[in-house]
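In what follows, chain A forms one complex with chain B and a second complex with chain C.
Up next is the complex of A and B:
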């Protein structure tokens, strides 16, 4: 027979542990986030998971579903309109991410200098990201109108003609990249600026004493020390690039002739415009998810590898 | 996170996804069951209806007037729910999915709802044979029972800026007269040059409006029961060539077409700004222009090429099987489409009637009556095959491709002949389901 205290010991420890875990101070944080998590779970996580499921069915009304397996994926990958939207999305996203990173870094370095009116310029740069994307689309639509737009009226006045910014496929792609940058660069500049301000100024003083030129300082100190912030910018810009839709919809409607139709618009049209194809739209959503997830993971792993090196 | 935990998480998510994939969302698709036949109201069925409606403007008040009459005569309550046209299909699909369908709705097409419509046999005698151009073929089910009513007709056609035509000293045809496409283009060009307008002719960017031109050049997308391919490649190519040439020559606003992307675009603003003397749209613009235009304008007869007449459109009134009181909904639909009710809608909202008796005897419009007579006269000239083309359940899907093909011709990526051949392929594919 075992002594009483040895019998009691194994049960007492978990009880104390459970009590400690259930103490108000431990539970409180979970209770605070619970309402948000319920809403997030119901309206974001669950629909996202359900999208994978629906992509294996065909439905034209959202009520009756016919199992088709991977047929929706096969249809998408052989559909010229989808392949074109996929290619356009890649072109847009790569250009958007690269240019965003370069411009945001450049602006952050400029706005990190001490000069008169710095606050004003920071505000001006950030302002477009506060505007509604729909307003931005309409605004640039008016500015870039071929015959009556502000830009072409000016260009025409100096004998440079009236380029069809929104009616020429290649120009329209350049335009949506530019407008995307105009909206978002201010936000990413702020992130880069916060990264710059986290760098200890004494390292620059030491480098200056050692005779390092501004270029050497940037390449050997600023750039490596900004790498974690750059990684955040690249990941966020990648996600934003793949998800771009609203300002493009109001600016070009995906035209001319599908030249600026990106994947989200393609998915939107399959899901919400007659003839509705929920399964096909969901399959498009899954492919978009894989793209975003894949690119983000790639950037993340690449960033970690470089940090480790 | 350790590699083992990552693998565990991945396995968990995969298992979850696979388990989920085994669960069918919604209801499994089954073969369509025959309609259950006319329903009788449950003894305690509420004498209340909900009517989902989208409005083109003054028709809303005319509808409310008629609802008040119905409520008084039938001791019933009808709740009018006005939704934007752009959200109509989503709204109805969501309500059907939530088992909360309205009793009655005004819809632009029947394709998405065919399995959900209530049998209106209770008012069959009041509906059969009363409506235009064989529309019964599309508003009745396989057993011959009515499931919808073709409730209002639209007719595409040109509107002209009379002030600009008069200032330019150019004439245009009036009611009962005709002009050809070449004559209309020549007149529009003359006014454009004389008055310095930006364009000569503008047309709404939609396959429906372009179908007017296709029909005039002798072809439609579909015929028969709406699923029979009817696209004539040679005639279609001629129409596309003409349309693209007009755009490239800046007689038509090419920018409006290409900037629309995949959205519908109506250059009504260009017409209202007096920058185009001829605007091809339809009779639904009459009420709107009469309040917005600060110049003299008029409806003109459709131009002829190989054929005359316009291209029809319209709306349907339907009841839903899920409705709480289908017999009352049937009575309401019959009432709203009686000769008296359609006359009221036509007079108050500049609608065109769909009833044969009203088309025959004519409507005395109190507002813009001369313009409405021009549209009504074009109804008589409109070829029969335009109706099944418009009613086709696959018209919308096909129309999207038509716009894309024409856009490619406009950008020099295809010839009109190649685009017309591609349209024929799309028509055949969509007709085959």
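Up next is the complex of A and C:
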């Protein structure tokens, strides 16, 4: 480093160039990033690496660890509760991502042009994503209560009976997907909206002159031009879907009989509720990470391939 | 075809099919979003008996704050509210300080490993706390952070989103400004504090709002860290007491409203920044 610096500044006096590589401007960037990187390293980077390490041990208390190699992974592949959580997570995430993308695109198109009440509708749509997911889950659980909930009281009054929203396993899965969308769609709509507003209006004028119908305009222009924004939405929704936990915890508690227990809840319960299985839970975490990473990479490569085409 | 009828004939404009569909969809969506929230707000003033009444009456018989004061007096909701406030304020300040400094280092200096560090920060958006929960808890336990408010404040403070947002903005600050400050004899840190930070009002506002939202609503991490009830934050207390049925539901409703009010108020006043932040980053 030192000779290169001297070469780069041939006019500088030797004494000055000697001091330069320890000058404030050289040390400053490291000092600026240091505090953030200490917290980041301690609570994100190191744990991410260490989780893989823990997954190779067995521990029932978090203090004594016994080396078991890949046995935890082998156990998970035949563990009914885990397999169920794994499948439910995939079902939930795929439904959540697909519906989020469709709804966010739809709402963004509805909100793109200026019309009376636009600001109000945009604010209302975004409102749920500000709220505590735990509280949202709790409130929906109350509203969807089979006998006393507002929804069934209403349905019963018009003769539609009292569906067991949170009692029937399949319905409960539909409910958590719905509440997930209720919370998040407004946020993704705003992203789509910013993408739409980045499209030059003159392309539409040109298309209108050429006589393209609104459907043709959407399919041949809006959709391709929105692809980069759609990619961001799909990737963020995938990450968000895989990490869902808070609202489900207070909405269904993972029930009925495990029908809405997703992987994060499985990991949480095996790590912090008896019977504690630290290594097993960590192996679950590693698998969850592989899912998140795999899906993100897949989406990214797919987006790149389509852009290239 | 019918779109061509979208003309203004005198004072009356024929509503087009598109307009009808737009308003129908948006009004229906608004109802689905607002009915549960308004119903919660109204119900938070009702007594337990009124809540159980069939058919339910929309409005409470009496408008008073009994549920709110009751929850604060009969249960320790005052403590939980205080814990939530302390954690939110302290974590947000910490996030702002370390994120802004880090963003400046990454945006305005050339140093060995800069790109690697930035990539590392970006990559961890894919590694949310939920995924690495156990090993983060292990670190917190070794550092003695379990069952303390500090344990809720420090670990989530180095947000990748904040660093990313601030760095992108700082790239647009002209190097000449920083260079001029150096020539004036200001040190590196003073240049950062007196030249760069004042120019970053908008992204700092965005990160502040996001951080307040995240920390105020945080659940899984505080749930794990708070082992005594005295360390519960508001969301943790609401979730735990609701599932254990120890607190009357009218109190739970009142405290749910309390948990929602600050973020809604913040949104009403600072909506511009929130929309700006999402539009600029596409990140949550």
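By our rule, the second predicted complex is superposed on the first by the 276 of 309 C-alpha atoms of A that agree within 3 Å, B and C clash if a C-alpha of one lies under 4 Å from a C-alpha of the other, contacts with A are read in each partner's own complex, and residues count from 1 in each chain.
One rule holds for everything that comes next: contacts are C-beta pairs under 8 Å (C-beta built on N, C-alpha and C of every residue); 3 or more make two chains touch, one makes a residue touch a chain.
Predicted model, so just to flag it, every value in this text is computed and none were measured.
Visitor: Please indicate which partner A:80 is in contact with in the superposed arrangement: first for chain B, second for chain C, both, or neither.
Guide: After superposing on A, A:80 lies clear of both chain B and chain C.
Visitor: Name the contact category of A:169: first (chain B only), second (chain C only), both, or neither.
Guide: first
Visitor: Is A:202 in contact with chain B, with chain C, with both, or with neither (first, second, both, neither)?
Guide: A:202 contacts neither chain B nor chain C.
Visitor: After superposing on the shared chain, does chain C or chain B touch more chain A residues?
Guide: Comparing touch counts on chain A for chain B and chain C gives C.
Visitor: So, A:54: does it touch chain B (first), chain C (second), both, or neither?
Guide: A:54 sits against chain B and chain C alike.
Visitor: Of the partners chain B and chain C, which touch A:64 in the superposed model: first, second, both, neither?
Guide: The first partner, chain B, only.
Visitor: Of the two partner chains, chain B (first) and chain C (second), which one does A:146 touch, if any: first, second, both, or neither?
Guide: Only chain B; A:146 stays clear of chain C.
Visitor: I'd like to know which partner A:252 touches here: chain B for first, chain C for second, both or neither.
Guide: Touch status of A:252: first partner only.
Visitor: Kindly classify A:215 by the partners it touches after superposition: chain B alone (first), chain C alone (second), both, or neither?
Guide: In the superposition, A:215 touches no partner, neither chain B nor chain C.
Visitor: For A:276, decide between first (touching chain B), second (touching chain C), both and neither.
Guide: So A:276 only meets chain B here.
Visitor: Check chain A for residues that touch chain B in one structure and chain C in the other, and list them.
Guide: 50, 54, 62, 249, 253, 272.
Visitor: Where on chain B does chain A make contact in their complex?
Guide: By the definition above, chain B touches chain A via 16-17, 20-21, 23-30, 89-90, 93-94, 96-97, 109, 111-112, 115, 198, 254-255, 258-263, 394, 396-397, 404, 407-408, 410-411, 413.
Visitor: Mind listing the chain C positions that touch chain A in their complex?
Guide: 3, 18-19, 22, 25-26, 29-30, 32-34, 36-37, 39-40, 52, 54-56, 97-99, 101-102, 104-106, 109, 111, 114, 117, 120-121, 124-128, 130-141, 143, 154-158, 163, 182, 187-189, 192, 213, 216-217, 219-220, 224, 234-235, 238-239, 242-243, 249, 252, 256, 259-260, 263-264, 266-267, 271, 274-275, 278-280, 282-284
Visitor: In the complex of these two chains, what residues of chain A are touching chain B?
Guide: My answer: residues 49-50, 52-54, 56-67, 81, 141, 145-147, 164, 166-167, 169, 249, 252-258, 260-261, 265, 269, 272, 274-276.
Visitor: Quick one: in the complex, what on chain A touches chain C?
Guide: 24-26, 28-33, 35-37, 39-40, 42-48, 50-51, 54, 62, 106-107, 110-111, 115, 117, 121, 123-135, 138-140, 142-143, 148, 150, 153, 157, 182, 187, 190-191, 193-194, 214, 229, 232-233, 236, 239-240, 242-243, 245-246, 249-250, 253, 264, 267-268, 271-272, 278, 281-282, 285, 288-289, 292-293, 296
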